[in-house]
Every structure is written in structure tokens, then in C-alpha cells.
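Below you'll find the structure, written out as C-alpha cells, and then a few comments.
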Amino acid sequence: MAAPGSPQEEDECVSGAQLIAEALKAQNIEYMFGIVGVPVIEVAVAAQASGIKYIGMRNEQAASYAASAIGYLTSRPGVCLVVSGPGLIHALAGMANANMNCWPLIVIGGSSDRNQETMGAFQEFPQVEACRLYSKFTARPSSLEAIPAVIEKAVRASIYGRPGACYVDIPGDFVNQQVKRNSVKYVGCCPAPPISMAEEAAISKAAAIITHSKKPLVIIGKGAAYSRAENSIRKLVDQCGLPFLPTPMGKGVVPDNHPYCVAAARSRALQGADTIILLGARLNWILHFGLPPRFRPDVKIIQVDICAEELGNNVKPVAALLGDIRAVSEQLLDQLNKKLWKYPSDTDWWKDLRAKMQSNDETSKALSLQKRLPMNYYTVFYHIREHLPKDCLLISEGANTMDIGRTMLPNYYPRHRLDAGTFGTMGVGLGFAIAAAMVAKDRNPQQQVVCIEGDSAFGFSGMEVETMCRYNLPVIIIVVNNNGIYSGLDADTWKEMLKLGEPSA
Amino acid sequence: MAAPGSPQEEDECVSGAQLIAEALKAQNIEYMFGIVGVPVIEVAVAAQASGIKYIGMRNEQAASYAASAIGYLTSRPGVCLVVSGPGLIHALAGMANANMNCWPLIVIGGSSDRNQETMGAFQEFPQVEACRLYSKFTARPSSLEAIPAVIEKAVRASIYGRPGACYVDIPGDFVNQQVKRNSVKYVGCCPAPPISMAEEAAISKAAAIITHSKKPLVIIGKGAAYSRAENSIRKLVDQCGLPFLPTPMGKGVVPDNHPYCVAAARSRALQGADTIILLGARLNWILHFGLPPRFRPDVKIIQVDICAEELGNNVKPVAALLGDIRAVSEQLLDQLNKKLWKYPSDTDWWKDLRAKMQSNDETSKALSLQKRLPMNYYTVFYHIREHLPKDCLLISEGANTMDIGRTMLPNYYPRHRLDAGTFGTMGVGLGFAIAAAMVAKDRNPQQQVVCIEGDSAFGFSGMEVETMCRYNLPVIIIVVNNNGIYSGLDADTWKEMLKLGEPSA
Amino acid sequence: MAAPGSPQEEDECVSGAQLIAEALKAQNIEYMFGIVGVPVIEVAVAAQASGIKYIGMRNEQAASYAASAIGYLTSRPGVCLVVSGPGLIHALAGMANANMNCWPLIVIGGSSDRNQETMGAFQEFPQVEACRLYSKFTARPSSLEAIPAVIEKAVRASIYGRPGACYVDIPGDFVNQQVKRNSVKYVGCCPAPPISMAEEAAISKAAAIITHSKKPLVIIGKGAAYSRAENSIRKLVDQCGLPFLPTPMGKGVVPDNHPYCVAAARSRALQGADTIILLGARLNWILHFGLPPRFRPDVKIIQVDICAEELGNNVKPVAALLGDIRAVSEQLLDQLNKKLWKYPSDTDWWKDLRAKMQSNDETSKALSLQKRLPMNYYTVFYHIREHLPKDCLLISEGANTMDIGRTMLPNYYPRHRLDAGTFGTMGVGLGFAIAAAMVAKDRNPQQQVVCIEGDSAFGFSGMEVETMCRYNLPVIIIVVNNNGIYSGLDADTWKEMLKLGEPSA
Amino acid sequence: MAAPGSPQEEDECVSGAQLIAEALKAQNIEYMFGIVGVPVIEVAVAAQASGIKYIGMRNEQAASYAASAIGYLTSRPGVCLVVSGPGLIHALAGMANANMNCWPLIVIGGSSDRNQETMGAFQEFPQVEACRLYSKFTARPSSLEAIPAVIEKAVRASIYGRPGACYVDIPGDFVNQQVKRNSVKYVGCCPAPPISMAEEAAISKAAAIITHSKKPLVIIGKGAAYSRAENSIRKLVDQCGLPFLPTPMGKGVVPDNHPYCVAAARSRALQGADTIILLGARLNWILHFGLPPRFRPDVKIIQVDICAEELGNNVKPVAALLGDIRAVSEQLLDQLNKKLWKYPSDTDWWKDLRAKMQSNDETSKALSLQKRLPMNYYTVFYHIREHLPKDCLLISEGANTMDIGRTMLPNYYPRHRLDAGTFGTMGVGLGFAIAAAMVAKDRNPQQQVVCIEGDSAFGFSGMEVETMCRYNLPVIIIVVNNNGIYSGLDADTWKEMLKLGEPSA
């Protein structure tokens, strides 16, 4: 058989399904999640045959969440394969989540046969249009011949610039249609994203501000994790002696047990810092928009981001460093090293932070050691923590479960935590765990995947336990059952609802 | 306390949550399905307090499917209540399904606080815009004062004309905001939809064609079921002696065991009919677009529909009767009665149909009685049938499970069958069953709800078994396990996949 | 040559352009307006060759306005033919205006060659999606073979139900592509819209309310004009002695000089009526939403509309009559005639209205006779009025020019007035005039077309004077020059702007 | 009076209109184009009062084109101010054009009063949603207080990253509403866009490829012009002896009469080059997608772009340099200078190009000197050229007029040519000329603005001659009248149309 892309026979034919599979493989796609059915069954079969790992899930919603995690974990997008109409609509959830998290994702949706369009075809829907709000790029190849180029463009768009979701629509009649190989426009694998750096003037300015700061703080976002900036950021923190704070999925870029980590004094750190080096984190709700009263009104933000339009959102930075987080971190590090500058470890700022950290640690420890029923969250996590391997991949969702778990369970490695993320999405848990387990199986078979769920959160994707079993994926799921679907419900409201005599939840 | 809508005190205040609940109650909304969380908890609490039955589900997807069934069963829309961002996106599935089925549905979505818009608020998303493709009407009230009017308009739009889904967006800051009662613009309950009839000339023309037909056929769609046309259509069939064929959810408008039902000779009936009276059914994929080879090229279609734009889709009707299905059926009946016309029971057409029915019945009976393992579908349904009460409400989804089940399991009453419907939606099963059980509990506590699911179909919403248990809903679920997520997969493909050594599904 | 639709030779081929032209002709399309260019030149040529009148305009914006008026004047939509990208975007204006006015319109847009899609093709744009917000139906035929069916569906959707705009997208490569005639799916001309009527119970209820009313008022909207209801409404007014008020484009359904016309006491009539028969008019901004203080809070609205969803907007009607305006007017007339009911001509209501009309007439006459410079609007229209033929077709836009002109210039025939309409669109003038002149030329060559424009309004489409000259269209244009682009600007603001030393307008 | 942004009195109030004007002024907005009317009159008045130059146009379409040119000419976006509904829809044209050209633009649209939304308000339309396809950012401030922040975000988004259009929606009731100054969230002027550079490794790789090339070619796009890269690119060309080719609006970055300009051998240069340095130009239809037969199949593209997602479109580059065009050009120049490399001037490639240029020049000169009627295009432009000042700002549109004019009329300075651009937009001419004249008046009063239009192109915006007169703008307009609205029409088609007896155009 001729190698894809190098046909030997003029007359050799290839089906649409085969072309899709080959095109994905040519783009180094490794994982595909989905639910098959008319018209995409043959696409899954061809993908498997070409060496892509296909995981059949129970609901496209969970499949789309699973696929979205792949890109974050591996730098190459996962694929979510869905049927027409409802199948695609179920998968919008994962596209939205990926796009908000700035994670690459490819969704491939079968659609109605073209010759039945406008006639009320089976599951007919304007799918390309439906994906517009949730994606960076959404298109239907105009012919079988165009499939490889459109898939390359989708993969490239998903990882170049700020990553995000892309959609490729495949009319049902494409799947089994045949075309001669030599009429197909093959394209090679798109390279890793181009790297850009900040201009020297901006770096100098930033360095000058940092070296004059009294109360500096580094904030590490999941953009830093995505860009594989861990080595340079760790050096930056180490060599310059800077206190740092990770965002939820920024945890582990520098280990949580690093002495300069001030996560245990998060509020104090945010409120007190006079200068913040913001590395791949957005000043959105997670960081209280960078505004008072959670931040000083005169805080100087040195903002490092891959997306120009992000620079200046909500707060005007004193220095706006546009570029790849890893590359710019290195630029900053070089510049500060040239100055032989290090933030002293005996400043009032450090003393204040350390005191607050100690006090907070004591409070949480006291809570952890409480012996009463029902157990409080701190006790739960205190005991879980003791059994977690350092390199396990932690998935977490739920309200209190996720929030308190984040403070109690340390991460030691980058990209080892997956949670509800920027979009605060409930329902990602088991899909994420399946994706993580697949990646672990291939790259680090000893690695454990641990999924810690609130009971309400678990309900969104609990059926995917079956998928885990079917594929024999060694995921540990811990459900923290606070017996409440209403996670945010205060006790009084709850009582009031119970008085109504009907189970509210 | 003052009655809603008739405030006694000028200074009395009311919260947004309260206004929403009162407005829904004023529109005779009875059921609300959803998942609470920030910012809609108080809306659910207020709805419960006002007497609306709130059912807390496990996933907004299933909640939206549940709510969509309410409108079909009760003529008044159910409400799906969801949180912002991902919560709403999960519920698009039910909106799409309702809209395609022409069923009324109200989705109410919390959204970000307005003063954080454009800043990266928690779960910020353009929700009104996101619902455009899935709804007849989508809007955000501009103030608390406008809530009752917008909700009335949404409810009205959902049931007037061709029914469909509507969306109302509620900014988070509305929920607990207070406003004086006397500034609120209250509106009364919108009346039942106005009824329109076909013009007399069209009725006369239709009647003339029917009375001259050699091979007439009545096709009964779920539009006929929705419009409560069962009495007039039954009389039409009875008094005129017409063979009839129900669409999947048109089953039961006239009982399946009626002697004039030719469902057992479906293909023959469609192919042979020279004149078709199409009552609230669309010539879409379910009816093979009304085109050859499944229909005669010269078939005369008398098309009855509530939606003018539907008339003439795919086939040009000889008579286009625009109006309410019930009203127009009565017009037709009156006209045919005046002519004292009845289709003879001894025509070749009847003979042909009866012969084909008998032969098909024998085949399916033979299959039913096969004794081998694994059981075939016919055997399964043969035994199930014996235990189903005549008035049970049947829910069904899956590929073969639904298709063969439809032919094997009779319906005796209208609106007693819920399935994947026009949009072919997988995942509706348990949501539909929960809705049906809630309605049965209130209206006919003896009625059983039976949910027959393919094993793949079950996986979409299987977690909602917990919801059924929590609310103590007596639903019987039968999973027909063909051990295949790939329902449409032929054996050879399957074998090929297995050869790949990895579990494909 | 074989007649379109009845090919004689199996091998005869036909181009996409030819198919479009034939399909439009088969749907009785008479007029096409547009600007040609790549890729639609051949479409215009083929349309001309097939007997469709093609008018080459100067800007697609004006072309789209022209085409939108055709449907209102002739009951069959005009076509606007545009090139890709900017050409289509310019034409969105006419689609929006048609859709808001509930007028049928077909826009046909060329688009990029399909094999260059996603590559940055010439004027590549998602055109089908771009038309969504402005249309009832928007689609691209999936092949040349599907062109006739999609065009029939577009034409049908544009005139069935509530009329509106539809869009058909034609990829550039379709235009000259050839296909065998016998592979094309030909469809016949879609019939005139099906007529629906109100149910008898609603008619009886309405009649009972009318006969008990003390201060009745008939409001005649442009929906009544569109439905050709003039004869039945005139009889209703005459035989029942009812005062009536036309909306701007409802003028002429019953002549403005009819003794029962109370337009000269418009505000009084609206404020005083206890019962309103609303015939094809919406309770939107033009009718002050039907709300106090412009209407009585207890006014009883008998609402007659072709669109179910319109019934109940803003005010809950006492009777909602769903159906064709002409048909329902006849139903009402029959019912009232059976009751031998006539509203007395000597009631206080009539006295009040007549007194107010006389007083208003005197005021406007006094203004008309003022002799000073600059002339006031009343004087202008007073003199214009004397020279207008009774059957001329009046086009009017501008702020004061349109508003005062409406009260001063009578209409004697239905559909003889075109103005800014429901959407308040500035820029429609010359396009409307060109459309009107084309229709007049064919149907009533003696009829004059008179276009009365504010000077600001004229500026939007003034270049189309050249089009009028090129086609030798005898349009009379009167520009009422108040030297202001800021039509709504009060004198003080104006002075303030002038003080700034720069010409503001 | 207190300075904007520094209120002295707690109780001082400010209107929405005033806030908009101040916010625009604070963002260094200089020019506003529009048509006033309800509800934006006061916005224009306030803008004028605050020192922004307001130009009242005749059609929002032309106003939006005018405003879009400002950003390209001045690096700070122009504003287009429009009324609700049709006004905004007319302005979508300019948004589309700006977005496709990657030019910054701010459109501010009045919209309906919020308390009438969903009721059928005057010109009610979902305007924020309507702008989605045409913009980078589209939003409505949620309150008066939020206006400055939303306007800053819009301006920032329009110029950061790849520039484009942004939309800000202003409900009518905001305009005259008052708010206390000290409740407003003021934000300062957003700084010039952050500059990013390519990583060193990519620069080195690119330099190595260039120095090994046999047939190099520099292509200069309008992105290079936008980024003010003229000095570095001129040095690159000069010091390295590289042949270069400008795209239409890339003309003048290096003067057209530079000895290394090979525009006169455009096709030969594209077809022959083995290595192309692509500076701010896209491989779209204008550059034949970078594909054979217009390019060598093995051509090595060194692609320099500010937009990561652009890199790799249609052709896989050998080096992808992500960053600001000016900055990256300097990086390249530095690197090549370090290598002391210069492309020899006596290569076969140069000989081939020079021979082709000479031959083409002779052909065009011969055409220019033809003396016959009607004059050919070359003769026309030959004579125009003699009278054009070197530093005039040329605007051009039309088909042949623009295409041949581009080759015949040289540009000597960057950003001195404006034409139909990436989107091939007809109708931009007079709007662009007005914008250019306003900018010239302020920055270089001696500069002439010359607008060369095909007669069809002129028709789109010809009415704006009145605007030019009203503002006394010294624009020279030359209409090249080929008597054809059908610019692309070949002679035979034309004759065929004339035979039909009706003026076709």
C-alpha cells in the first residue's frame, strides 16, 4: 500500500473517511474521543486503523471535555468526533471550555448528506455557523480533495497564537465517497507554533520596575504551564528570590512546596504587592479583575501574555510584554541576571507574607484535625493528601470540593492539575480523567490519575465510569459527598427549602 | 402579603427571583427542571415557594430534555433553569430538540453580573445570541420591571403559531436586586393559542380530491397529537373508512389497533397511495421527503399544517390547508360528511394493504417466537408487550431498539409515546421519563412510565436514575443491551474493528 | 430549443446562470435589481434573456431597497442580485427593511469559488450565515441540480405566512458550470399563499364586543394593504359606519378622503377609543405600543393578524383573530351584517372626533397659507397636493418631510404610498421610486411616480437619479430642502454647533 | 469646569453623550464620521465640543469607509457614528472592509431605548450580535459608568494584535441620562500597541536561507505600511540588494521608482523566485495563494506576520517569523548585516527581471502613446501621471481603472495609496478621499488628494461630492468613464445584451 501523501498509483482511490484519518495522523493527532453513529462510524474505524487511539464515550459532552484536555497535556490537540445535529450540539460544551481555557481542540462533526440540505434531512443543522461563537476557526471542506488542507488549517489555528477550539464539518456523503489520490491536495504536518518575544525596550523597562519594587509578586497562570515555561520561571523565582502565587491550573509550574510559594497567604499577597509580574494569567474573575479592594489601586502590573489584545484588560500595565511566556520569561531572567539583582529575603514584605502563611497554615491544620461528623473538607483533604503520589495527575471539580482541595492538595509538577478552569465548567471531571489516563498510559505508565469530585459535579459525567472500565483505565475517583446538588446553598436557604416539604435536590 | 399582581402597599419590594417565579406562575407554568448554582439558586427557591414543581437534575442536558417534553404532554411549556455559561450551553441540546420537534420550551439562564461584562466575568458569555439558532425568541429583560412582560412574551411565543423554544436571560445581579412592586409591569396569563382554519375553497378542493381517490391514505403526525386533534381525526378515519399511518410520535392519535391502521404495511401504503391526507406531519427524512421511490411520483398530497412555510416543502400539494390541525380536520370531516362519502372497504387497495399487513405480521411473529441466544429484538419486544399496560407512557430511544420497538409496541392513546423525534436525538430518554412521571403523578397517578433504551442510548443520561430515585419516581427502565455503542455498525465492520485488538467501544 | 423544465434531449446541458434565470422565471419573478460583477454577470444576462427585467443600479443598498418594494406592489418578490462580500453586505439593508416591513424579497448573492474557500478567496465571506438575522430562509444550493428547488423554497418562504426576505447563495463556480438538464430537479411555480381564517367562536366574540362598543375605531395597517383586503375593509367601514385610522402605509386601503377617516384627529381617536379593530397593524412604536397615555388603559383590542406570535404583543387582545387579513375582514363583515348592526353617526364619539378634525384641519390650513420665508412644511405640501394626480404612487422619506407630508398628502388607493416604514429606514427613496416606476410602466403606464424627499434623506440614494435617467423612468423627485442633515436637531442645539465655527452638517 | 477624568465636585453630573465624547478624546480619537439622527445627535455635538472633528456624511456606508481609512493613515482608529437599525446596518460595510484590511475602526451605534426592547421599539435590532461577524470586539456598556472602560477596550482591541473593527452599542436612553462623575470608572489612554519580535533561532534560519538563495524576492504588503516599517525595509532592500515587489497598498513603503522595484515584471518575479521574504502580506487571492502555476512549487517562503494564525496559510513557510513587521525587519537586517551579505546585482535573476521589466515598460509605453478614440486606459494614466505631485495621496477603485492605474501611477511614500483592498470593496472611493483630505488638512496642508474612479465605482458614493463641498475639502476626482457598470463584461456578452433591446446597464 502506498504511504499516505505519496501515492504510487494514479488510479488509487481513497475514501473521505480515510482522508480524514490520514490527515489527522499527518498532523500528529494521537487521540480521538467521541460517539459513533451515522455518518461518522467509518471515520472512527479509519482513525483507529491509522493508529489514532479512539475512545468511545457515553455522551458527546464528556467526549468533548476529554478531547479538550489532550491539547493542554500534550501540546497537540485531541479530536472530538461527533455525529450530526444533537451530537455536535452536545460537543459545544467542550469547545466553549477549550476556547475559554485557551486550549487547542479539534471537533469533527458529521453532517447531513448535501443533496438533502434544505429538505429536512436527518439531523440537518447549520453546524459550521453553530460553532462560530465557540471556536477560532470553523469550516467545511468544499470537497474531499480539500480535506487535508482544511484539517491542517484547523490544527494550526488551534495551536498558533492563543490556542483554542476549531471545527471541521464533514457532510455524510463525503465519508464513503471515493476520490483519486492524485487529485488530493496533501499538506505536511504543521510545525510547532512560532515563538515571539517582547521587544528589548519593554524588557528593560520591566526589569527596572522590578528591581525598584518593594513588594514584588510573581503570578503564574496556566498560560505559563501551557507554554512549557517551567524551567525559566523556576529560575526566575529562584535566582531573583521572588514570592510567587499560582492560579489554580498554574499550580506546579513551580512546585507548591517551593519556599517562595505564598499561596497560603493568597489574599495578603494580592492586596499587598506593589509590583506584579503576571505570567500567562488573565486579570479576570479568578484574579478579581486586578482591581481594588483585592489589589492595591497603584499596583504596577508587568503583564506577559501571548495575546496582544489581553494586554491592558481591566488594568493598564506599566509594562506590556507581548510574546511566548517561556521566551519572555527567559528574556526577563537574562535582564535581571545581568543586573545581578535579587530580592532580599528579609524584607518586611517577606515577613508579612510568612507570618500570614503560618497563621493560615495553622488554621487549616486545626480544621484538618477536627474529629467530628460529618467530616469537614479540610479533614477530608488532609487524609487524601497523605496518600497522593507526588506526580499524580489531579482532576478536581465541584464548588467547595474544588476550592478547598486546591489549597490543601499540593502540585509538584506542571500540567498535573485539571479543574473547572476559566469558564468554571461543571461536568469536566471524568472526561478529563479519561484523557489524562490515556496520556499517562502512553507517556508515564506509572503515573496515577486521581479525580476528586463533589457529588453534584460527579453527577454530570458519572456514567463515564463505564468508559473507564471498558478501556481498563486505572483512574481513582474520590467523591466528596456533601449531599448537595446546591453547592453554593447556605444553611438557612437550605432549611427554608426543606420546610417546603419536597426534596429540593 | 399582597397577591402577586395586585400590590397593596406602594412601598412593598420584590426581588428579581421572586418576580421570575411569580411571572412563571402567572403563565401557568407547572414544572421546572434544572441544576442550581450561582446565580440562579434563589430563582429555584422562589419558584418552589410559589408552587412550581422544581426537579433538580444531574446535567443540564437531561434537564433541558425533560423540560421540553412537558410542553408536548401538557400544552404549557416546561421551564429549564440553568446557570451561566456552561450551564446554558449544556441546555442548548434541549432547545434544539424542542425547536425541531415544534414543542414549546422555556429556558431561563442566569448570566454574569452586568457590571462585570466585558471584563472576564465568571462564566461570561453572549447567552442571548448563543440561543438564536435554537429558539423562536431570545431576550434579556432590560430591567426587573420588565421581567413579567418578557416572560409572558416568551411563553406566548413558545405556544403560538408553530411551537418552539424560547430563551430568557437573567443577569446575576437581577436575582437579589429589589424593586418596588408598583413599578413592575405585570401582565396576565397569555391565553391558549388562537385557532385558525383553512379557507372553504381549499377544503372543498381537498374533499373533491379525496372522494375521487382510488388509493387514499391518511398520515397522522405528532403535530396532530400536539393539537389535540384525536377526536376529529378518529371520526374522519372511522366515518370515511380511510386507511391511516401514524408517524412515530403520531402513534396513538388513533389507536394502533384500529382496524384501519396500516402501519404493518408502511412501505406498501406509502408507495401505493394515490392521495395522501397529511395531518401535522412534515415531508422530511422520516417520511422520505415525500419523494419517489418511496412515494408515487404522481401522488396527490393534501397537506394540513399550522405553519404556512411548511406547505409545499419538497412536494407541491394539490391542496394546502393552513390552520390548526384539529380545526381543519373538523372542517374536512364536515365537508366529507356533507357528501355522505365513505371509502369502500373492499377495494383492491384495501386488499393489497391487508395482504401485506398479514404477511408482515407473520414474519414479525416468526421472529418473535425464535428461541435462540442472543435474543433478537422481536422476541424482546414480544415479551415486553405482554406486560405493558394499555395506557402506559412509553419512552424509547436507540437505533434498532427504537425502530423495531416502534413497530412491535402499540400505542392506544395520543401523546403516550416520546422518542428521539424529528432531530433523531440520542440522550433524551431519562429526561423524558422524569418529565412523564411528574406529569403522570399529577394527572393520572395510576399511569406507568416505561422507558425502553438501547444500551448506547442509555449511556447518555443514565446518571439521571439517581434523580428518579431522589424524587421517588416510579419509572420502569428496560435496557436492551446489544452490547454496542455503535448501533449502526454492521457485523463486518465490527469484526474489522475487533481485529485491531483494542476495544472499539 | 427545449422549453425549460421539459428537456427533450438527454444530453442537453445548462449552466448554473441559466438554471437560476429559468428557476426565477418559473416562479413568476418579473424584476431583478442589482450591480453586476464577478461572479454574477452571466446570471443577469441569463435573467434578461429569459424575460426578467434587470435594472442595473449604482449601489447594492439602493438595489436592495428597490427589490424589496416589488413584493409589496405586486405580491411576488423582486430579486436583488449582488456580487460576493461587500456586494452582499451592502444589500443587507434591503433585507432588513423587507423583513421588518414583512415584505417578500429574494436576494441572490454570488460567492467565492468553492475550491478557494478557507484560503482567502476573492471576497470570501460566510454569506449564508451573514443573512441569518435578516431573513426567513437563507441557504446555498448544494449543487446545480438543486438550484430550482432552493429558489422555489426561497420564493415560497418569502410569501407564505408573514412575508419576509430570503437569501440564496450561488458559489462563483456554479455560474458557468454545466449540468445535464435531465439531472436537474425541476419544480413548478409555487402557488399563491394559502389562506387561513379565524375560528368562528373568535369571530362571534369579536362581533359581540364591537356591537357593544361605545367608541369604536378601526386601525388599518400595511398588512391589510399587503393582503389586498381593500374591498372587504371598505365594506366593513361603510356598512358598519366605523371611524377608521390608517397607519402610514395603510393609507389608501380605504381612501383618505372617506368621510369616516379620522386621520386628522389621530391622537384623539387613539386616546378615546374603547374598542379597536386592529387590521394588519402591529402595536409597535408607530402605534405607541398600544399603551397609555396614548391609548386608554382599558381599551379592548380586537387584533387581526396573519402571524400568531404577533397576537398579544404589548397588549392582551380581547379577541385574537388569526388569519389572512382579507379573509378575516370578510368573516367579521359577514357576522356584523348578520346582526344588521351599524354604529350610529350621531354619537358623542363621532361629534368629538369631527370637532377635533375640524379644528386640526383649520390649524394646518392656517399654516399652509402662511406667506413667509423660509416656507413652512405645510405650505410646501399644500401646493404640492394641488398638482398630484389622485392615482400617483407617492414615495416619501425624511423626518419632518415624511411626517407632515403624510398628514397633508392624501392617498386614494391602496399600496400607493411607500415610505421609511416599520424600520424607519432612511435611504429607501430613490430605490423605491425606481421599483414603482418599473411596475407602473408595465401595469399602468399613465400612473405617475412622485418621490418627496427631505434633503438629508435624498443624500442616501441621490446617485440613483442616474439610474432613473439611464432607464428613462419618468419619476418626479421633489426635495424639501430644510438645509439640514440633522433632521431632528432643535434650533438651540444647531446654534450651539454653529458657534463651534465648523460646519456641522 | 473640571477636566474630564479629574472631577472636582462630588456632585457634578455628566451625560452619556458627554462621557462618550470624553472617552473617545481620552483615547486620542481625532475624527468621527457619521450621520446624526435619533438617538445620537447629542453624541456628535459633544464630540465636536470636545475637539473631535465630526464630518456629517450622506450615507453611513460611505461614513464607515471614511472612518476605516483614518486608522490606516494615522495609527489611531477613526470613529463612525450611526443611528440605530438601518444606520448601523449601512455601516457594516465599513466594518467588514476594515476587518478584512486589518485596519482599526470604531463604530458607535445608537440603539433603541432599553425600556422598549422586545416591544417593537423604533429601529430595534440586536446590534451587538449583528456586528459579531465583522469585528474583533462588540459590546454594549452595561451602564453609563462603564462607557469609558468599554471604549478604551474597543480602541485597544482595534489596534493591538492584528488590527480590526470594533463596535460599541449605546442605548438611546444612555445619551441624555446623567450620572455623577465620581461614580464613573475613568481609564487612561491605551498606549501604542506592544511590539513583539521573532525568536533569534528563526531569524538565523531565515537569514541562512536568504543568503543561500539564487532568486530572492521581497514582497511588501500593506501590513508593512501599517506597521511603519518603511525605514527598516528600505535599508533591507538597499543594503542587501534585493529585488522587491509591493502589493497594491504596499506600494510606496519603498518608492516605486527604486531601482530594485520589479513591479513591472510582477508575474515573472513571482514565478521565478526561489526564496520570498513576505513582509506583512497574505498569501490570499491577491498573491494567487502562493501556489503554482503563479509560484514555483518549491518556493521557499520566509513569512513575517504579526498574526500567528496567518503563518502557514496555503503554503508552509521555511521560516515563520512572528512579530511586528518593523521590528522583525530590523532583526533580519541586523542579522544579514552581520553576515555582510549582499545579493549581487549581476545575477541571471536580475538580468531576467530587468529584461522583462524593460519589455513590459515598452509595451505599456506603446499603449500609452496610442492616439485613438476612445482612449485606452494606458493613455489616460500616462497623462494623469504627468500632473500628479509626488506626495499626493491616491485613492483608486474600479476594475480596470484600479488595476491598470496601479501599474501606471507610481507611489513614492508609504500609506499614500488607498484602494479596494483585500476585500475588493467597490464604493470606498469618496469616503476614503474625504478621510484622506481631513488628515492632510491637519498634517500636511499642501498635500493633494486625488481620487481616480471607474464610472461604475464612482456611482457607489458619488453623492459624497456634496460632503466634500460642504466641508470645502480640496479633493480632485477623476472619473475614467468606460461607460460600463459591467466592468468585467467582455465585448461579446455586451453585444448580446444590447441585442436584447434594453439598456442593460
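Should a chain be cited, it is by its letter among A, B, C and D, assigned in written order, with residues numbered from 1 in that chain.
Here is the rule we use: contacts are C-beta pairs under 8 Å (C-beta built on N, C-alpha and C of every residue); 3 or more make two chains touch, one makes a residue touch a chain.
Just so it is clear, the structure is predicted and the values come from calculations on it, not from any experiment.
Under the touch definition stated at the top, subunit B and subunit C share these contacting partners: A, D. When the C-beta pairs in contact are tallied for A-D and for B-D, the bigger tally goes to A-D. Among the other chains, the CA centroid farthest from that of subunit B is the one of D. Rounded to whole angstrom units, the spacing between the C-alpha centres of subunit A and subunit D is 37. Chain centres here are Cα means. That of subunit B falls 52 Å from that of subunit D.
Subunit D has residues 119, 126, 129, 132-133, 153, 313 in contact with two or more other chains. Residues of subunit B that touch subunit C in their complex: 132-133, 136-137, 152-153, 156-157, 160-161, 187-188, 190-191, 193-199, 201-202, 307-309, 311-313, 316, 320-324, 327. Those residues of subunit B lying in contact with subunit A across their complex are 35-38, 41-42, 44-45, 48-49, 53-54, 56, 58-59, 61, 85-87, 89-90, 92-93, 96-97, 116, 119-123, 125-126, 129-130, 133, 282-285, 289, 313-314, 399, 423-427, 456, 459-463, 466, 470-471, 485-489, 493, 496-497, 500, 502-505. Listing the residues of subunit C that touch subunit A in their complex gives 114-115, 117-119, 126, 128-129, 132, 139, 141-143, 145-146, 149-150, 153.
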